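Shared between the two complexes below is chain A, which pairs with chain B and chain C, respectively.
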Partner chain A sequence: MDARLTNAWRMTVNEKKFIETALASDLRIDGRNPLEYRKITIKFGREDGSSEVQLGQTHVMGFVTSQLVQPYRDRPNEGSLSIFTEFSPMADPSFEPGRPGESAVELGRIIDRGLRESRAVDTESLCVLAGKLVWAIRIDLHILDNGGNLVDAANIAALVALLTFRRPECTLGGEDGQQVMVHPPEVKEPLPLIVHHLPIAVTFAFFNSEHTMVVDPTHNEEAVMGGRMTVTANTNGDICAIQKAGGEGVTQSDIMRCLRLASRNAESITKKINDAVETYNTERALRKIKRHSASVAVDVSISGGDVREPENKFFVHKGISELSRDQMERLNLVSEEKCTSQSSDINGGLSSSEQGRTSCQEGNATNFLGGPSSWDPYSKGVDSDSLKVSLASLGISAPDKHKRGEQKSTQAMEDKVPEDAKPATSATDTSRTGPQMSGEKTLKDAVKPKDKRRKRASSSMNAS
Partner chain B sequence: MEDKPSSSPMSFVDQIVVPGDVVLDLSTMTNQTIKLGGGLRQDSDAISVMKAGKLRFSKPNKYWVESSQKRYVPCVGDSVLGIVVDSKAENFLVDIKGPALAFLPVLAFEGGTRRNIPKFEGGTLLYVRVVKANPGMNPELSCTDASGKAAEFGVLKDGYMFECSTGLSRMLLSSPTCPVLEALGNKLSFEIAVGLNGRVWVNATSPSTVIIVANAIMNSETLSGLQQKIMVDRLLQKIQT
Partner chain C sequence: MMEIDRADGRTPNQLRPLACSRNILHRAHGSASWSQGDTKVLAAVYGPKAGTKKNENPEKACIEVIWKPKTGQIGKLEKEYEMILKRTLQSICILTINPNTTTSVIVQVVHDDGALLTCAINAACAALVDAGIPIKHLAVAICCCLAEDGYVILDPTKLEEQKMKGFAFLVFPNSIHSVLPEGSLLVEGEPVEHGIITSVTHGLMSVEEYLKCLERGHAASAKLSDFLRRSLKLQLPSDSSKAK
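Take a look at the complex of A and B:
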């Protein structure tokens, strides 16, 4: 009891009075103007369907998972969508572990209504076997830090996670067509969900002093406000949902004003979401190319379309030149993190063919020469030269992956694994002309300007 | 720091120390009174460090360890900003961002008698001094200085309070004046009260001044002196235009 009393967050009367006085002159304590949103940052996790959204100080993570279940009796052809929220006690001293409190349930309901009532996610496409098996999509939202306006941030996290989620493909088989086979991602590319539109939640806070209203309240403003309203709108001009639970009364004209503001804000936020998801998809496509490098006739779908192998490379070449340096470096870091999990797949494919030739492997690569290399069925039957050529040409597509370390090591190089963006491409260049690397590349080389990379990419494409 | 002979205390002053370091050996220093501040502990003849941070020394004989964090560890003599939580018969319960609520005796005011006990409602902001701070016990506060005079302690009216880290509040109180306060003071007029527990109160005639000052101070946590000046100049320019 004592600890709870000590750790509770308290607001002084000075703060309360000041926030209201400042709002009377249209000033907010963080310097924003009353109708301005805080900075939105959207990040992705390692798996499909995981997102991390920061709205100023507010921090929310979203995860989407799917499961095959029996459908509801009254809707035998539709899948289901359910939302679970977790208000972590580390987000706010008033959050208790255990059963969700009132605000947690309200948040879940607002997001759920925005997605379900407006039919944003197409549930009929989630049906596998009518009346027997459908996909149930589950969205988990974890609140990590409460800096005010959890609803908006959680909504964005849910949308981003839904857009980047991929569900496994399943086919009907068996004698009577009733057997369902779920294909793992390595066999068949998982499919994205069909999302018709993006319902964006915009929260307004009302204060006791005459018609003062702000958009996107911070934690302090929420403690002082008299009432709040959340409007869920999309870019088509639809209002998907409105939530106003108690609090101060608001006039009709104010509500209309809020609806108009919400539509306007929805457009800019939708654009941010789409941009972020597109970056993610490009990066994912790059990863896809890498993963299937050692296997043959891959059904790689980029951004939902089926593309043949050479077209893949072309798309990826274009993708590379468009990627900014930041993304390259981010991919660097990402690749470093993933090297433990991914390299087993990738190295397995390569090392079995190149084991005989290489004596010095790079640090991370050495650890994974064991088990996984033995089960790759394709590399044994391919002769090492053509494999090297195909790898080299693919390698140019994603020069920042640590896998480059493998290729360089075939020339018996001594480069650091993460810094091989530049040396990798040069190494693959010289693989045609004969090894003559200096082995003295540093991080500076990895960060060479974009045009050089493009030049190398195109020159190597010519070479291959 | 690693290779210096450890017996001389001068070698550790202003250096980063970690828990377990022995910074003073009392057997070599006889007939000296040494005052130990926060973060230091005496184990018979050795003074060892309990908290990670920088070891500081002030003449003639005070040593302490300084580090920056969001929570505050009450220390005797500190001036802090407290928020009144509750009032009991004998004292007010005040929150000073420490591990326990602090007690402010109802008589600890200048000219305080049983007849004129002040009435503080919950949420009142006070500028107080820590009188007693023993580990495990609730700290004790007072609204007077050591000699019994009021000396600026008491209720802070109006203005705006925000929280920061203990390191930032120490920087704001350092002398010579911290660059961000100097740069702000050249152009704006405001009054400010800094608590060593990581709370800062700002007041000015117009709300926009208060907001500028508050945001400038919050941004200056990780900036060097020159960067702070530049930041303040840019902020003021943006407001002017």
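Take a look at the complex of A and C:
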């Protein structure tokens, strides 16, 4: 109705002319040159298989989940891969909730063709019981912010989520080998998917008036363009898919040029994806070590210089560069066991990468603050004043509101430089919530500067 | 007072680390992300659009809430959350300012680790502030759980939620710092922040237990509203040239 028309966004004639004139001189309105890609930022979520990709102003989230289902009758040995795209109304005022529109369906189909038909994901390894049970992998892509070129961003999000996804391991048991037992992640380590190659989508926009072509159009350029083409290529030089649905005609030589450009871009984007996934896997491995704290340990050294102590004491050293917010959170949530830390071991083991850091035992200490009295508090306590001094010396100006009565610490605590790490690891748009935490919590806060553990007024606690 | 053993070592009255960031999306008029521990919710607001929905009152502004779960189809649970959120936000917005318009609030669940609805309400409130929609006061939401022995804990994680006898989602107005004299802000002799905007309970609980939840939640809401006020205040408008 009228309401919908009035709410639709239309570009003004002036803006259109401006963009076209600029393109005639090979200038784009955001300052890139016509064949340049925007900056790609890849982040990971809490769980395996969740990714967040930012391509300039475009923001896409991907989640991968799996389920045991019956296979298709004509493919009894293969699992299945399905892609669901959600053009969330938060991305663009013109996206309507409910059934996906044609551009959402087109996006889903392009990504689907790139992944499934090029056999990028190995579906035969997803078979559990031939003809009866297979894994069905489901990829959910949520478009959060439409800054243009949704296909490429969504493709990267899907790939990253697939690479970091872990499916539970299952074994066949029972008398006739027909019973399937799915092992939870605590019992058996979940398995990654087998991905043979990474199909990267690269989108080109064509403008009739100037006979020019740009790579990775922004939202404004998409409103002006005459036609678009998406090429899905991988680093092996294969073309997995080409999509050019209507729009203005393009010469053959231009198409060949696009294919070459796509292969080149695919290489650089693949490298970025692999680097990001590599970092994630390293962090995940570090997390995994902490999870098995109760079992007898083998000293495992990973690049970050981790050392694992047997039995109850576990202790991890990490350089600041390897710490991430998510990892710290996992660390804190995972440490259910009571942990007693020995200062001597800590000092002995202190091999500082960049900055020596006691992480998990601090994390445990913070978790157990105010916890049940059966936990054996560490003998050496630090009173709040000396902690304040040490905090002040690290350049913290905000007053510390949260005083803890009992403070557990070790000598190594004074070596921490959490505040320095905070600016390094904090995202720019998160707001400091004010006072810094007390010494025990500094580690957690060091990695997550915007977090703040709220504690009710101590008076109410004392009263109760 | 007996100590309850919470899995992550918090005391019964301790909330998880809070984080709030505003203005994270470029197309939306207002956006905010709110996380309590591992639970993270993203909210976006599109400011007044012309026209109201069919059954809505055209003499008032209308709020539309769209809840997007992490995976899966939209079902009854999502519709219920949408309705609760819509009614809560309707009571805090000044609806007479932009009559015959619709403001859309879109909530996206990024990760669910307990107390999801409270996270969403807080995020939606922050997003409304970021968008500049006129509101009377902020809403702070808190989740209180009731354990088997009548003990109340705040801000449960997903595992804790599943073990509890019952829980209550409570939404209070935030505390008011005002230059007006004290007396003029009272409603029927009580300060405004003693009111309850929304209360949704699950499970069985006695009246005393519910009142205990209310009292705990109310005390926590004071802290929460301080945090909200601080985090909303510190941000400067970074990008004034947002595409609308």
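Keep this in mind: the second predicted complex is superposed on the first by the 287 of 464 C-alpha atoms of A that agree within 3 Å, B and C clash if a C-alpha of one lies under 4 Å from a C-alpha of the other, contacts with A are read in each partner's own complex, and residues count from 1 in each chain.
FYI, a residue touches a chain if its C-beta (ideal position, glycine included) is under 8 Å from a C-beta of that chain, and two chains touch if they have at least 3 such contacts.
Bear in mind the structure is a predicted one, so any value in this text is a computation, not a measurement.
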item: Touching partner for A:M11 - first (chain B), second (chain C), both, neither; value: first
item: First, second, both or neither for A:G31, with chain B first and chain C second; value: first
item: Greater chain A contact set [chain C / chain B]; value: C
item: Partner chain(s) touched by A:Q252 [first = chain B, second = chain C, both, neither]; value: neither
item: Chain C-contacting residues of chain A that also contact chain B; value: 2, 6
item: Touching residues (chain side chain A, partner chain C) in the complex; value: 1-3, 6-7, 9, 45-47, 50, 57, 59, 61, 63, 65, 84, 86, 88-93, 97, 138, 140, 142, 144-147, 219-220, 329, 332-333, 336, 364, 366-373, 427, 429-434, 444, 448, 450-457, 460-461, 464
item: List of chain C residues in touch with chain A within their complex; value: 1, 3, 5-11, 13-28, 31, 37-38, 40, 42, 44, 46, 49-51, 66, 68, 70-72, 104, 106, 108, 110-111, 113, 154, 157, 219-220, 223-224, 227, 230-231, 234-235, 238, 243-244
item: Sites on chain B touched by chain A in the complex; value: 83, 85, 95, 98-101, 121-125, 156-161, 201, 207-208, 210-212, 214-215
item: Footprint of chain B on chain A - complex, ascending; value: 2, 5-6, 10-18, 21-22, 25, 27-31
